[in-house]
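Each structure below appears as structure tokens.
There are two complexes below, and they share subunit A, which is joined by subunit B in the first and by subunit C in the second.
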Partner chain A sequence: MSFPWANEYKPANPLTQWLDEKLPLPRFVYNAVGAGYPVPRNLNYMWNFGVLAGFCLMLQIVTGVILAMHYAANSGVAFDSVEHIMRDVNWGWMLRYAHANGASAFFVVVYIHIFRGFFYSSYKAPREMIWLLGVVIFLLMMATAFMGYVLPWGQMSFWGAKVITGLFSAIPLIGDPLQQWLLGGFAPDNAALNRFFSLHFLLPFVIAGVIILHIWALHIPGSSNPTGVEVKQESDTVPFHPYYTAKDGFGLGVFLILYCAVLFFAPNMLGHPDNYIAANPLSTPAHIVPEWYFWPFYAILRAFTADFFFIPAKLMGVLAMFAAILVWFFLPWLDTSPVRSGHYRPLFRKFFWILLVDVIVLGYCGGSPAETKYVLISQIAATYYFLHFLVILPLVSSIEKPEPLPFSITEAVLGKDEGAVLNANPAAA
Partner chain B sequence: MVRLFGPLVGLFFAVALLWSFGVGAIQAIREPEPATAAHEFYKHPKEVEFSFSGPFGKFDRAQLQRGFQVYKEVCANCHSLKQVAFRNLTDLGYSEPEVKAIAKQWGTKAKTFDAKTGDAGERDNTPADHIPAVYYAGTGNPPDLSLITKARHEGPEYVYSLLTGYAEQPAELLKKFPDAKTPEGLHYNPYFANLNIAMPAPLTDGQVTYADGTKATVDQEAKDVAAFLTWTAEPKLEKRKQTGFAVLGFLLAATVLAYLSKKNVWASAH
Partner chain C sequence: MADEASIDPAEVTGEGVRRRDFINIAAVSFAGVGGLAVLYPLVSQMSASADVLAESSTEIDVSAIQPGQAIKAVFRKQPVFVRNLTKAEITEAEKVDTSSLRDPQTLEERTKEGKTNWLITMGVCTHLGCVPLGAGEGEVKGEFGGYFCPCHGSVYDTAARIRKGPAPKNLEVPPYEFTSDTVVKIG
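Presenting the complex of A and B:
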């Protein structure tokens, strides 16, 4: 579906006319990311991050496929094969640093994309399906990133794999056999490394598939926008091309500058030094920490230190960690305010900023050693996290008095909307 | 349904967390985590200015050669360097015949195995060989040093500080933590995570004689070997920075053009 005023694809020469009859691929592209897709004219730079996330996935697939040509997924040689890439493969060091930092960049972009969704309530009707698919993509990304981090077979790879698969052992009755089945053994070893490599290669293509669904679902209601007021008329929109292709091009440039600055001048800043030590099952690192993008969830996992009635602390931690993401699936039905944008929701807006700070605090605690002070702070922060989504949001939606919305996107941009004036006065029409 | 069960689930997790918090807080007040000697007497690496620091930093070839000499004459008695091949040493400014000679004269010979007779033997190293592994039977497990400067926080500074950081155990430490006396066979070093390291102080003044006439103080030797081990961990450091400037230069120009084009396209839409 599109708006009735969307430009129509008109093939200009015999070749594109012929192609349009046999396989209308150019028409498809034209309608998806070309001049045939009308987009609200008031999108701010927060709306650049979807395209950037897609770019990051492509970057990861391209660098990853080439790295896989030189990597050996065998626990005896995996660590050395990564060093072989760093030393002997032409430009191998650049590919590996691009891939490792590309994962971080992907998560930075996706976290901004998700928090954009939180602030502007992008999850609300009629865009629930886009949001649900987005959460699925995020879960797949986490699985892919986790398995990718195991592949260099360093100390953090090994012990991270042990801790994360150990989560499944918290499940009553079937936990231990389940963990052994997942690992193909009693501890991470060659069997685990091989299957992680296989799945790490597979999952990005699954992500690409879900992204297609995500964008398909997006094109049915069209993009949301900073006012949260739906598109009403042609003057509310501009064609995606050239307006947003130009804007995304500039955004991509800024993103690449920041990404390349890290890649070429501080490539190990976001990694853990212990992963430059080959995996050693007999030597446990002093502090086992996952990559930075898992820290908030890791803090929630570790926050449960006391058994809760008959539920063991470990099981509570695992349940809470998964619940912390699964709760996003229910957001469209927890936040019932009819107003979308945080700009017009004074109370909601305050809690949004508290949530952002809360997640950063959780991240800080998750990356710190498991000392008492950090555990205590993360317990308070995790409490707020759950209350925010499950108690505060429904409550705020029902008691808040939103500020007045503009009549249309055109009015929000230009200060007045001729169409609105005409509509308000039928005698003048 | 969601609005009924949502808050209940939220309260469930909140109460469980506050329960954990309460139990933890009471315990923290009743019996605070005991202070440890490692926590109070550990020192962060010293600040050192290396030639390769910063975005414009480059290796000092003469320093790398001196550091290699320290590795060869001192460290190599216990520590392997298995990621480095002799052929890589041309990066340090050695000519190919020099590298050939270094490989041939290397103390530990390359191991051979005759698949036909089943005999194990030895031969001289060639530039194509990696530096042979060192097997160490004494106390402690000397780590392979190829990646040591990337395997520690602030690696080059850490190596330098550790090598120059050996000291008598402070009387203050023993007074406060009488149980924390450095065990027999270990050595006190505040730059090592648990303060007691198996490696005895490896460097002394004049331990090596530098061919370029540099005075071989412990400080100089430590700095040189730290620089050398930075090269072994990141041999492409210079290429990386050089490429980075070219890439950033291009991106900056492209982004300016992209900005101007965006401005141009949007000029009529505001």
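Presenting the complex of A and C:
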């Protein structure tokens, strides 16, 4: 949906007029990300990260398709073909580092995007579907990133594949056959490597499809904004182009500076030296950890060390790890406060920051060795994580007294809203 | 099909409508069954292929393994631990009360008759599949003197039974037989 005051697309010359009748693609772009799409005038830089995430996906697809031209998905030569890309292929080192660090950049951007959603309660009605689709995108991203990390067929690739597919063996009765079905064998080997490559190539396009749905669902109510007050009138909005194309362009520039700094000056900062050793099925590296973006969830997996009534510890860990993400699906109905923005929710705001610290603590523990002290901290932090979503959030929603909201976005920005008086009291006009 | 009496006569009047219903149901069912039939090979192709399943049985000469020593062999592309237990290790394994174990089994159940000193297990941790330490020269054996998995801290005893940590089961005993006093055939 667009607001009634949206600018209308007017084809300027005979060619665009002809095109507008046959295939109105320019009209579609104009109404989606052009001057025909009115957007709240008060969006801050936290609203840049959707566009940045879209940029990261394109970056990954472009570099990934190129890497696939030089890579060989066969367990006998995969490791060597990656070294071939690094040493022999023109600019191969840059493309591979761009892809590997692009994955990390993608997750940085998406985590900020998600926590923006937490703070401003972007998941609330009428935007639940946008949020649900976003969680689906995140799950697809995790699967894609995991399978991509297996492809270089180094030690971390191999043992990561073994441990992660081992998660499925925790499922009662069907676990072991399921793991063998996923791997196409008893341990990761050529069959697993080939299918992971095939799916790693496919899933980004599935993600692109779900992103289209995500944006489609977004364009029905339009973007939320830092006040959480819905758009009421024309003075609350500005056209997407040139205002937000410019703002997003600036954000993209800042992002690229940071990304290139890592890419060109510390390309292995986020990697593991063990993955430069070819896969060896007979020797496990002393300290296996997943990539940093999985650490919080890995910590939750390892937090379960004792059987829970009749459920084995292994299964509990796996269930808890998946539940940590699946709980997000219920967020629109767990947070029942009618006020969206954390700016007007004093109590909610405090718990938001505690949750952020909690997730960082989980991440730190997930990246550390499985020693007693880190496991103990993980157990406390994991308990808090679930408490936040299942107990604290519903409770805070019911006992909190929110601060007064501005009448409109215009009032929040300008300090007064001339139109508001007219609207509030038609007799005064 | 629904009971005739329960159908509103008004709906039954046109005989052609019911013929059409039948054709609809038959066609959709036929296409549905056909679709499911196509799905089966699409799912089944993911399972281990014939060459992977063809068990490469491994023969190992164990004559050189002294009591207290162990070797790593390969079976189905996964490590197998062949360990010659010392008398002390056997006694220690036998004196454990099996009812106190997470996966209760005696040493006798996990070895061949008259060959209780030969402990042959997969070198695959039953938690998430790492290779436990303890078979190689100078590796940590863990606090129960068997195997220790460094990934998530599972500890196995001298009968390779799970004693501590997240793993749910004892190290798996693969199918094997002694073809002579010194040669064991796994698989």
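Basically, the second predicted complex is superposed on the first by the 425 of 429 C-alpha atoms of A that agree within 3 Å, B and C clash if a C-alpha of one lies under 4 Å from a C-alpha of the other, contacts with A are read in each partner's own complex, and residues count from 1 in each chain.
The working rule: contacts are C-beta pairs under 8 Å (C-beta built on N, C-alpha and C of every residue); 3 or more make two chains touch, one makes a residue touch a chain.
What you see is a predicted model, and the numbers here were worked out from it, not measured in a lab.
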Subunit B versus subunit C as contact partner of A:Pro312, first or second or both or neither: second
Subunit B versus subunit C as contact partner of A:Phe304, first or second or both or neither: both
Touched partner set for A:His113, first subunit B, second subunit C, both or neither: neither
Touching partner for A:His200 - first (subunit B), second (subunit C), both, neither: neither
First, second, both or neither for A:Trp159, with subunit B first and subunit C second: second
First, second, both or neither for A:Ala286, with subunit B first and subunit C second: both
Subunit B versus subunit C as contact partner of A:Ala382, first or second or both or neither: first
Which of subunit B and subunit C A:His99 touches, first, second, both or neither: neither
Subunit B versus subunit C as contact partner of A:Arg345, first or second or both or neither: neither
Touch count on subunit A, higher of subunit B and subunit C: B
Intersection of the subunit A residues that touch subunit B with those that touch subunit C: 286, 304-305, 313
Contacting residues of subunit A [partner subunit B, same complex]: 41, 80, 83, 86-87, 93-94, 97, 238, 242-243, 246-247, 249-250, 252-254, 256-257, 260-261, 263-265, 267-268, 273-274, 276-277, 286, 303-306, 308, 311, 313, 316, 320, 323, 327, 330, 333-334, 336, 371-372, 375-376, 379-380, 382-383, 386-387, 389-391, 394, 413
Residues of subunit A defined as touching subunit C within the complex: 159, 162-163, 165-167, 169-170, 180-187, 189, 191, 195, 281-284, 286-288, 302, 304-305, 307, 312-315, 317, 370
Sites on subunit B touched by subunit A in the complex: 2-3, 6-7, 9-11, 13-21, 23-25, 28, 32-33, 55, 83, 88, 143, 146-147, 150-153, 155, 193, 233, 235-236, 239-241, 243-245, 247-248, 251-252, 254-255, 258-259, 261-262, 264-266, 269-270
Complex contacts: residues of subunit C adjacent to subunit A: 46-49, 52, 72, 74, 76-79, 102, 123-124, 127-131, 150-153, 165-168
